[in-house]
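Structures for review follow.
Next come two complexes built around chain A: one with chain B, the other with chain C.
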Partner chain A sequence: MRYIPSGPGDRKKLLQALGLDRADQLFDSIPKAYRLQRPLDLPPSQAEADLMTHFRELSRKTLDPHDSAVFLGGGAYRHFIPAVVDHLISRAEFYSSYTPYQPEFSQGTLQSIFEFQTLICQLTGLEAANASLYDGASALAEGILLAHRVKRRRRVVVAGCVHPDYLRVARTLTETLGVEIVEAGALEDGAASLKAVEKVLTADVAAVVVQQPNFLGRLEDVAPLAEAAHRAGALCLVVVNEAVSLGLLKAPGAAGADVALGEAQSFGIPVSYGGPYLGFMAVRSEFVRELPGRLVGQARDAQGRTGYVLTLATREQHIRRERATSNICTNQGLCMLAASLFMATLGKEGMRELAVQNRARAEYAKALLSRTPGCRALFSGPSFNEFVLQVPGDATRIHRKLLEKQIVAGLPLAENFPDRKKELLICVTETNSRAQIDRFARELGREL
Partner chain B sequence: MSVEKKPPRRREGLLFDKSVPGKRGCDMPAWDGPAAAELEPRWTRTDIEGFPELSEREVVRHFTRLSKLNYSNDEGFYPLGSCTMKYNPKVNERIARLEGFAEAHPLMPVESVQGCLQVMADLEKYLCEITGMDAFTLQPAAGAQGEFTGIKMVRAYHQTHGDPRQVVLIPDSAHGTNPASAHLCGYRVEEITSDPRGCVHLSSLKERMKEDVAVLMLTNPNTLGVFEPEIGEICEVVHAGGGLVYLDGANLNAFVGVARPGDMGVDVMHTNLHKTFSTPHGGGGPGSGPVGVKQALAPFLPVPRIVRGEAAAWKWSTDYPHSIGKIHSFYGNFGMHVRAAAYILANGAAGLREIAETAVLNANYLRKKLEGTYHLPYASPSLHEVIFSDRNLERFGVRTLDVAKRLMDYSIHPPTIYFPLIVKGALMIEPTESEGIEDLDAFVDAMLRIAREAEEDPELLRTAPHTTPVGRLDEATAARKPVLRWSHGLGKEVS
Partner chain C sequence: MKEPNAAFPPNLRYSKEHEWVRVEGSVGIVGITHYAQSELGDVVFVDLPEKGRALTAGQELGTIESVKAVSEVYAPLSGEVLEANESLRDHPEKVNADPYGEGWLIRLKVADTSELEKLLTAEGYQSHVEEGGH
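Presenting the complex of A and B:
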């Protein structure tokens, strides 16, 4: 096997050193009854060239995003990725190392985590961030569990429209600990209703969760929701699905969030059919010791030199076992590095410009598509790079029709919200050209 | 090899300290459409305070320099026990980056992403064959999430049978994620003490196996690298008591192609694609922890599941009323699924068996060469890893930590240390199949030299490492007064 360096001669030498004749003697401790008497039934081994051919053929069974116009968001966002990102995360020093258990041998990884933690704090306007979590959905679950621990209260109120899959995952991950997730789902022009939230804000509520922008693309007025949460003695959790929005929108911390969490796939990570992505979480400093997952801190050696170490490990499963703040062990190391590279390359101005440009393109599309006879933007309030377009007739059918013309017309909402049959969630990023948007509007007009 | 005290390598300042206002590393794509009407100030921010401003050139140099402060598996021996730091084939990186995979949006209509679904369906099938389980979910993003998924299915199974039960039994040698995951599923955790072989004590298990026990979480081979010789009886005892057996498949690499958990009585298991199936460890993720089940547990698998639709096309189905629900934002770490599928196809059946044989051969060779010099706390036969302790070095005042740190001066990554917890001063060595005899001998040589140094110059070990960018860092102070982010004026100390 080409990945194994021992040749037949070496193998013999090693076996001899152990006084063995055959390799299967190595497995004498496995009861005979369980030893496989046949080879595994798998396809024959393939040379590298054949592997490439096989997978290239499979990959071609995907609609080519460069020959088509994709207006899909809903928790995964297509953004341009500077070449720097892939080039540097492919360095063996990063991609073939592991969790920095030995700091003297891992300062590159540790320092990059420290920098990531800082970047996330700056973007969210909060004081401490961890080294990342699996994805946005599990970050929400971890945020809910954090509130549950801190407040020792059982219920969590969801304001407005949070990503339905995040809520599904959060339920799976938290229900056995007795957490109840209550949706105060009433919307006013697509945004959360403060009144509806206040109605269910009882003394057993640990947190109010609000997504910014929300799943339907609307911007949420976070501050009054945070104030209401605080009045009730609960935390305010802000979920960010589209991290690019942080370059333009008010930082969650500045709007009163105690915890900001979500998905940072938009930062240099390809949509890659849903993963691997990058969950993140930032908190006010008083909750640092309640954070799940890895944390890196600054330290000094005996000569006074600055370095970085995994720290506050007494929160974690390898020390606390069943009393840990979470069962998470790794972070999303390489995805985190990609995000750091993306953020560093774009920089302060780039992050803002990217957000501004996403919104400009989305607003252009919103105006243009709304002029198609029978169509309208469902909400009049502000949005970022996603919006709901109401179409005359069955949205899923129109979506299918446009797919034949290499246009992915957003996400039909009926799948998640059965009474939203005429609605499409449209996402426009900097990867969608004006020509694409114009063609979308033209073809939509023809289909109606 | 002579290892002198060398001057420390250069270090790298923080991104933020290099920032200069007005610099940029990226330009925006051209947009000839209109600008949007500005948002009212209450929605927006005016600045991202402290955010770096650098040219592309500086970003590249910064991260390249950071990379040089890392030791990596491609550079040398990385025998972290339990982590399976095997070689990551380069072709897998190329495959995962094919546009049809990397640029496939997860909410695309299924007919336009059949290739992605095919890869996942194939991987599920391969994993079933390799483990002897009946069905797999690829959703869990890491081993710990796999554990949670598995135990949650156990809970759903018992609940469906009208008997949720309360306790999860876990051997004291287990990884910390086991009890943490069980706790998250609402269970009480009870530890069972290992016997003198380091294995499950069958008669204590028999005694403890009462009606309140939902599941036994077993790592096999266990964290000592020892195969549970009574695995069949263990499963029988648990099943007789109405419980289920969960296998932590972290160590599947030890017996892939040689035996299958599904044939031994295991009901549910996870496997780590970043261990046995070589997806890169990435400095700590992304991982992937698919979970396999026997038929009785299949109704509880997470949704959505891949099924055959019309015209033999693949599609997603959520039509499983007993499912525990969703675990991941989408379908799991697809990029890792692609790499693992490529790895399995590159190896084929014979290659996978060769992996297990070579990994076990390598571990036993190291055991043979180091036994005696280093104390072997458990004499049971080793599979893929061998655990020593620092007992023989105690008289020189040298501990496991000192051995680990000194190894770095020999350009070798230390083994996992102080784990499993049942071994005092454990050194857990897992060479994997990816090391040749020269690398193994170099490691043996370093370890033997270090043992001699312990006797002759213990201070050299206690102050090691001497050749790394920084020396031992004061972790206690770092935890007492945590500095977790850069801020203006933070410790711009001399480099």
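Presenting the complex of A and C:
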């Protein structure tokens, strides 16, 4: 698709054809009270060279992750990205193209989507995955909507600690349908309490949602929660924030999940403020028609050659309009491709090795930081690459102090949980060297 | 059934949305009409309600997916679902081949037989289709 700007002559012709004098008449149907009655409050245009200088100055105000020690996770994870990933996604055939509306014309794009779906199925232990969603938070909303459609029940129970932003987004996207998201609340050593979940698991519950590892870094025992959900006639939705964990942990499908969904930013997509991110969703095959968004299938042509097609497109909004399975009619094409390339580059062994390294480094940091006087790992149960560190004193203040020394001391939990004032959520990945971890522990000791 | 392949069997009642119902005692058997299946094209999937679901007349009971589109099917009468035609799971093409016979969709326990009066007769439905079917 080319971008061809219109000139004043073109615009005049367009207006004439419409029988209008001015373009702003096009907005007459919007009540005047809701229209901005002045020009946008923007600075005047600048020369390209001046803009470059301006942005260089702005970038100096931000912390360069390569010159600092970043222990921040909480939904966005720093991982090494092999050069081949960016090299290949930067090819014009991929970089500039949108999700195709004449899809079978783009066999290469469809094949890459099919491979992404296959890899997600293998990692989640489920049978069908879609071509990706916007991000993990909207994937959770779509998972809840799926359960709501399948079960015709209006309540959803959240077990343990699910990313608070995900819950906010899910509530926003589902509340007008009458969906009520209930948090079971009580935790046992930072993980979901089966008893607390069972207490709220009534006959009008469509799904039990559990995050693995949970937002506080703790590993959840998914199987008993899935069994409880199934006993109550509900689905079990497993949310994955940190996709690298799938390289090591039992697959959600094997633990009883009906739907696994979440965020795959960890696979080859850099951490940037605000995204882009990459949602994924996989389901048992009986729910394949309830999967939101695009789905690519493998087929054979008349000569018996393998080809790829968009399949079950009759569920989608460009065909089914307001009755569509979801309002998503696109996918995160480029991010999806980056994730596929990342997974293919690492391979099965590499994915496992990456997960093992993350866990090993996080365990080293957990043990070391816990020896800092006054500090302790808040939970004793197993974690993956994140854990909660309790510090003596205001965690937000300590976090700020360490920032001056180019150390990002995780996420102060008080931002989301006002009662957790002395707690930092620390994330350690393969990008954090042992020297960095040692320096973090040393500087933390000095600040206390 | 006397004429399973005729387009408008006289022993059935019809909705304007192209469902048919045949009432035997307190049980209603529901399907889509010959006209509906021919408009839809090859049916590839049928999504039917579970046993025990209470339906009111005019409510969506399920969907039929053809190669062209997914369409809703509405309950012509109120009642509780007694049985869904499970054989359509593996053989959805029966809806095309035999819409008034093996392609039936659900059996329901009719709540109120007087609702039948609101449905079209074969003759009425035939003129509805001939007028464009909308």
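Everything that follows uses one rule, which is that the second predicted complex is superposed on the first by the 389 of 448 C-alpha atoms of A that agree within 3 Å, B and C clash if a C-alpha of one lies under 4 Å from a C-alpha of the other, contacts with A are read in each partner's own complex, and residues count from 1 in each chain.
Keep this in mind: a residue touches a chain if its C-beta (ideal position, glycine included) is under 8 Å from a C-beta of that chain, and two chains touch if they have at least 3 such contacts.
Since the structure is predicted, the reported quantities are computational estimates derived from the model, not experimental observations.
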{"item": "Which superposed partner A:S112 touches (first chain B, second chain C, both, neither)", "value": "first"}
{"item": "Chain B or chain C, by number of chain A residues touched", "value": "B"}
{"item": "Which of chain B and chain C A:A92 touches, first, second, both or neither", "value": "first"}
{"item": "Which superposed partner A:I319 touches (first chain B, second chain C, both, neither)", "value": "both"}
{"item": "First (chain B), second (chain C), both or neither touched by A:P276", "value": "first"}
{"item": "Doubly contacted residues of chain A, that is, touched by chain B and again by chain C", "value": "314, 319-320, 323"}
{"item": "For the chain A and chain C complex, residues of the former touching the latter", "value": "289, 314-315, 319-320, 323"}
{"item": "Residues of chain C defined as touching chain A within the complex", "value": "45, 47, 65-70, 72"}
